[in-house]
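As written, the chain order gives the labels A, B, C and D, with residue 1 at the start of each chain.
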Amino acid sequence: MRFAFTEDQIALHDAVRDLLNDHSNAAQLREAWGNETGRTASAWGALHAMGAIDAMRAEADGGLGFNEVDAILIAEASGRVALAEPIIETMMVAAPLNLVTIGLSAAVVTHESPFAPWADTAEVIIELAADGIRSRHRQDTTLTPRSSVDGARRLFAVSPNTEVAPASTEVALAFRRGALGTAAQLCGLSETMITVTVAYAKERKQFGVPIGSFQAVKHHLANARTKLEFARPLVYRAAASLRDRDAEAGVHVSMAKAAASDAAMVAAKASLQCHGAIGYTTEADLHLYMKRAWALGGSWGDAAWHRRQITNHLERAPIGER
Amino acid sequence: MDLAFSPAEEAFRAEARAWLQANVPNPPLPSGDTKDGFALHLEWERQLFDARYAVVSWPEEFGGRNASLWEWLIFEEEYWLAGAPQRVTQNGIFLLAPTIFEFGTAEQQQRILAKMASGEEPWCQGWSEPNAGSDLAGISSTATRDDTNGGWRLNGQKTWTTRGAFCTHLFGLFRTDPEAERHNGMTYLLVDLRQSGITVRGVERLDGDEGFAEVFFDDAFVPDVNVLGEVNKGWGVAMATTGSERGLTLRSPGRFLATATKLIELAKSLPDTATPELKDRVTQAWIDAHAYRWQTFATVTKLVEGGHTGPESSMVKVFWSELDVRLHEIALELLGPHAELIDGEFAHWMKGYQFALSGPIYAGTNEIQRNVIAERVLGLPRK
Amino acid sequence: MRFAFTEDQIALHDAVRDLLNDHSNAAQLREAWGNETGRTASAWGALHAMGAIDAMRAEADGGLGFNEVDAILIAEASGRVALAEPIIETMMVAAPLNLVTIGLSAAVVTHESPFAPWADTAEVIIELAADGIRSRHRQDTTLTPRSSVDGARRLFAVSPNTEVAPASTEVALAFRRGALGTAAQLCGLSETMITVTVAYAKERKQFGVPIGSFQAVKHHLANARTKLEFARPLVYRAAASLRDRDAEAGVHVSMAKAAASDAAMVAAKASLQCHGAIGYTTEADLHLYMKRAWALGGSWGDAAWHRRQITNHLERAPIGER
Amino acid sequence: MDLAFSPAEEAFRAEARAWLQANVPNPPLPSGDTKDGFALHLEWERQLFDARYAVVSWPEEFGGRNASLWEWLIFEEEYWLAGAPQRVTQNGIFLLAPTIFEFGTAEQQQRILAKMASGEEPWCQGWSEPNAGSDLAGISSTATRDDTNGGWRLNGQKTWTTRGAFCTHLFGLFRTDPEAERHNGMTYLLVDLRQSGITVRGVERLDGDEGFAEVFFDDAFVPDVNVLGEVNKGWGVAMATTGSERGLTLRSPGRFLATATKLIELAKSLPDTATPELKDRVTQAWIDAHAYRWQTFATVTKLVEGGHTGPESSMVKVFWSELDVRLHEIALELLGPHAELIDGEFAHWMKGYQFALSGPIYAGTNEIQRNVIAERVLGLPRK
């Protein structure tokens, strides 16, 4: 048993984090909200250049042969900056299955996430259906734009695919990777919301003292931090279970997504309340992260949906399972 | 204990319901927190005023009907049940007007009230400043005596002024005695925003609407006739208003009953996602909306019989604001991956959620309200 | 519309409150915990002498002809002192149906409350069954004692009654009266738990100041007080609905019991936490009230059970019902 | 990231499981917080000790197995899964012993540890005083120098001393420098309770057991060999212990996993009352128990690799204590009107609930812990 990342994994994470701080900071994210595609100017290219986008592709296919544990810290780092790029869809869903050309992006729809983010700039639209994975080039689909509360997250309804699905056993794995990557992003978002709120609470004064010295503010943020502390290990464990093709990996992913979604909702609410009125404007950066958290909390199965999968599992499972 | 409304009250309800059914805009108006939407809302407010439904509880001379508190509550229930628009005049008619009725001169009442209610002169609230939010007594905007012109010169800044970019007038507190400390030396002033010396900058709210404003004062002028109450006694005058804000008038139970009813409809329309655990939470929220209604009825009975409300109003503010958040949270959970959409048939839930999130923050954060409950209702020590 | 009690009702409440302070204070309640019957020495007699026990009996039958609104403040006052007497069972269930001799006590079992408190000292055991009301003399039953966490609350399982139930339309009314009286008691208990905790928090010092000056303690108690503020009106409204034989009275009672149970659980938890270790001993009075609250919260249908009744109602009801 | 235990660890698990299955008392022992129950528990502790399962992580010379942290965690999982009794020696072996290993002399270790682990000399913790609960630095019990006898004379009172009425020894803080303020001038002393000058009065706990005690000192004697660490430096020594209390050692994840498993069994056994909304909460609690397990695994990995734990342990304490309450609350809701019974097959849930309710209070209330999280993990200002 060793429940920690390797030095290499951490070094890679740090490199991705530094890259994203350069290419996807709050100002750059605001630009993405306002531009045509909703995507950042340079983050995708930079991530591609360092090999992150295609990291989970086999080395023979031009990737780095990363497994889910290798990739999960990249996903978390992308969440920390609310990266406005289809990284989970591409890095964790499409690329390891070789469904997209190296360097290009994919869009994904599932029953639990029927609108595909950034589909208009994707090479392929992938549908994770009950009976298998269907993949089409964007040009072969009709995209209908929908508006997300997250202004950078350009959503599209996709015209139905009437093709007979290719038989595939990978659909469960692909869905789990997508849900897991989203859970990791939610952990990153929680961390950022707490960080920006702590900074604000140390600086903002009322009644002659920083508002962060009030016990009510402290306890809001302590609760959020504690929720995150106990969500993150479930995400890392699910990553390892997926890597190991554990028979229970689906349950572990559901635990991770449920916990990460809940933690992000708690962090969002605590952060907004501690910001007070300034957090209620778009002038504070908080809303950039909070709205992404709202969107991702309900994507790839919300917390209640994942808990239901676990409940169903527990009704079948022998007692004592862990 | 008599739970029935009188025949006259029921007749008033029927009349209001019929008028609202015939007149409530359909499709609903766009948000009143944008420039164009605000203008459309003012047309609606004018229509209400002309039918004498804008301010039913006011005296007839100012456009009201002298309606009882019960009739006012009935009207509010019908108003929200009919899906009628948010009141963009609300900060004037619900927050400022009670103060003018209590502290204003006859001249002020004549000059201000009817135009406020008709929407001809919409009012915004100038309370908060960049360094005075929860700590309202920390305001630093000044009003300096201008004897030559018989009035006051304003300097400083107000912020988070709801719909400030669209209103013609502002009411607020300004420091008139620079020597006095904290709660003293403030004066309650009524400010015409349509003058040089005032700059209004719209601030984008969470939901993207320009619903807030920063208001900058640079030697703006307020004549003596626009002092409300006594000079340097503004804090006491303002507290009467914040009492109204937290009490009966701002958030009538009808509003949450209407939302709870819509939530039940939503759950029924989504049988696939309305799991038993979500339906249980819908029911809980529906119970809470009714609890708010009956708690209000108890308060109104007390008021009608000559009693007063006190710090209990802080419990009311905590309750409705957190209920409003819960109602919308449950709706968003019902909507699952559709919750994030701000277009289409369900968009109003995400919009409403963002609006609801302001409830625990404004009009005194719920943290401050809980302090008030603990100290002034329960008697726990301040320090 | 007048949603308030009359001066007479309030005067009667005050008289009952004063009587109970004399006959059912914490010391007397502790005696009841230790004695053979679990009942107080003198409270029942005193309540009988003032007519409270049989208040809901028709005047022709020797009662005061009280309705549910008249009686509800008596029930609440009895909860405030955690009265160790079967007052709800007798005053609100048995007496108005003339099922018990004046001055004697009744015990009641229902599907949702299968153990009858103080049955061994009751004249009659009443069973509220789906098909009607069965009533037997205690001597005609076999009682098996069960132990409640509330040491004064002597519970008994009752031998099955095989008689054919008399057809009765009163069973729903009787159950609702019992649930409503219990809801009122829970409000009284909440009030007392908050009161004793506020007193302790003003007196107990840590770090040189009363613990009641800490924001966390303040907010715990503010939450409890707010829950009570919005539970009580539902109880009073349900009393009036029952009095008026409103067609929706059953729903109103369920709203009241659900809200009062939840409020009492919040008050109990907040009170214990604010008491700290002293509340965790039986030397503080808090436990007397807290344990009664736990017991009554689960009796006559717990909060979840009552919410389910309302959910079922809402699924049938036309929209707009209030 | 390697989620598998080694073959040796799995072998240890199998061995422990087999031994526990063969030896765990069945039916379960009565509560260890009564005089008779305590004695029966000491027999069990002796049996554990003789099989070298009492303190698996200790060196062999004191009765342990030199087990790794992983093996210790494995043993704890098996221990609770087997339904084995609460450890009545826990305040000694989990709170005092780590301090003795760190600060104790070789003589103290030889004299004290094995007898503590075997249950021959059970230890209780003398931290709290009537006026020093959350505010531990506010203690006023004194230890005065007795040069004649080469030791210290104790006066004052400790309270809420868990199982104090049944233990032979007490460890705690006493003021040795009356001039020093608050955190200074305290000494960590090891006290033999079996002497005149000490009066122990049992205090009834919430669940009716005599699980607490007040301990009165009236010139009781402690020889110099029973000073742990340096004189007047007791606060630092004690803080090492409270670190243990909040950290890994007191509440192993196995305990909550076992409760969560029992809760699932309970829900399955009560199909009529296990509504979907309750089952959803059961699932949530089960997720939380696993979250605690994996968070612990992350901490253990860090410790094994030479790292340290810091104020993060306050998050752990908040999490397990509130999880324990939730697990029992859900069980009581499943039991409905049977929840209040303290006899019969379900009685252990109400008993367990009452025990769980102490979790957010003792070892530093969760309010204090949240302050620590805010100030020392997040860096918010103290004032």
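Criterion: contacts are C-beta pairs under 8 Å (C-beta built on N, C-alpha and C of every residue); 3 or more make two chains touch, one makes a residue touch a chain.
In this text, all values refer to a predicted model and were calculated from it rather than measured experimentally.
K.L.:
Pick out whichever of the two, A-D or C-D, is joined by more C-beta pairs in contact.
P.N.:
A-D
K.L.:
Suppose chain centres are the mean of their C-alpha atoms. Which chain sits farthest from chain D?
P.N.:
B
K.L.:
Roughly how many whole angstrom separate the Cα centroids of chain B and chain C?
P.N.:
39
K.L.:
Please report how many Å separate the Cα centroid of chain B from that of chain D, as a whole number.
P.N.:
Distance between chain centres, rounded to whole Å: 52 Å.
K.L.:
Any chance you could list the residues of chain A touching two or more other chains?
P.N.:
In chain A, residues 214-217, 219, 304, 308 touch at least two other chains, as defined above.
K.L.:
Where does chain D touch two or more other chains at once, residue-wise?
P.N.:
Those would be 275, 277, 280, 367, 370.
K.L.:
Connecting every touching chain pair, does the picture come out as line, ring, star, complete or other?
P.N.:
Shape of the chain contacts: complete, all pairs touching.
K.L.:
Once bound in the complex, which stretches of chain C touch chain A?
P.N.:
Touch residues, chain C against chain A: 214-216, 219.
K.L.:
Touching residues of chain B toward chain D in the complex: what are they?
P.N.:
Interface residues on chain B, with respect to chain D: 275-277, 280.
K.L.:
Which of the residues in chain C come into contact with chain B in the complex?
P.N.:
Going by the criterion above, the answer is residues 1-6, 69, 194, 198, 201-202, 209-210, 212-213, 215, 217-219, 221-223, 225-226, 229-231, 233-234, 236-237, 239-241, 243-244, 246, 255, 258-259, 304, 307-308, 310-311, 314-315, 319-320, 322.
K.L.:
For the complex, which residues does chain B have touching chain C?
P.N.:
1-6, 9, 70, 81, 257, 261, 264-265, 268, 276, 279-280, 282-284, 286-288, 290-295, 297-298, 300-302, 305, 312, 315, 318-319, 367, 369-371, 373-375, 377-383
K.L.:
In the complex of these two chains, what residues of chain C are touching chain D?
P.N.:
That would be residues 112-115, 146-151, 153, 155, 205-207, 211, 214, 216-217, 269, 272-273, 276-277, 279-283, 287, 294-295, 298-299, 302, 304-305, 308 of chain C.
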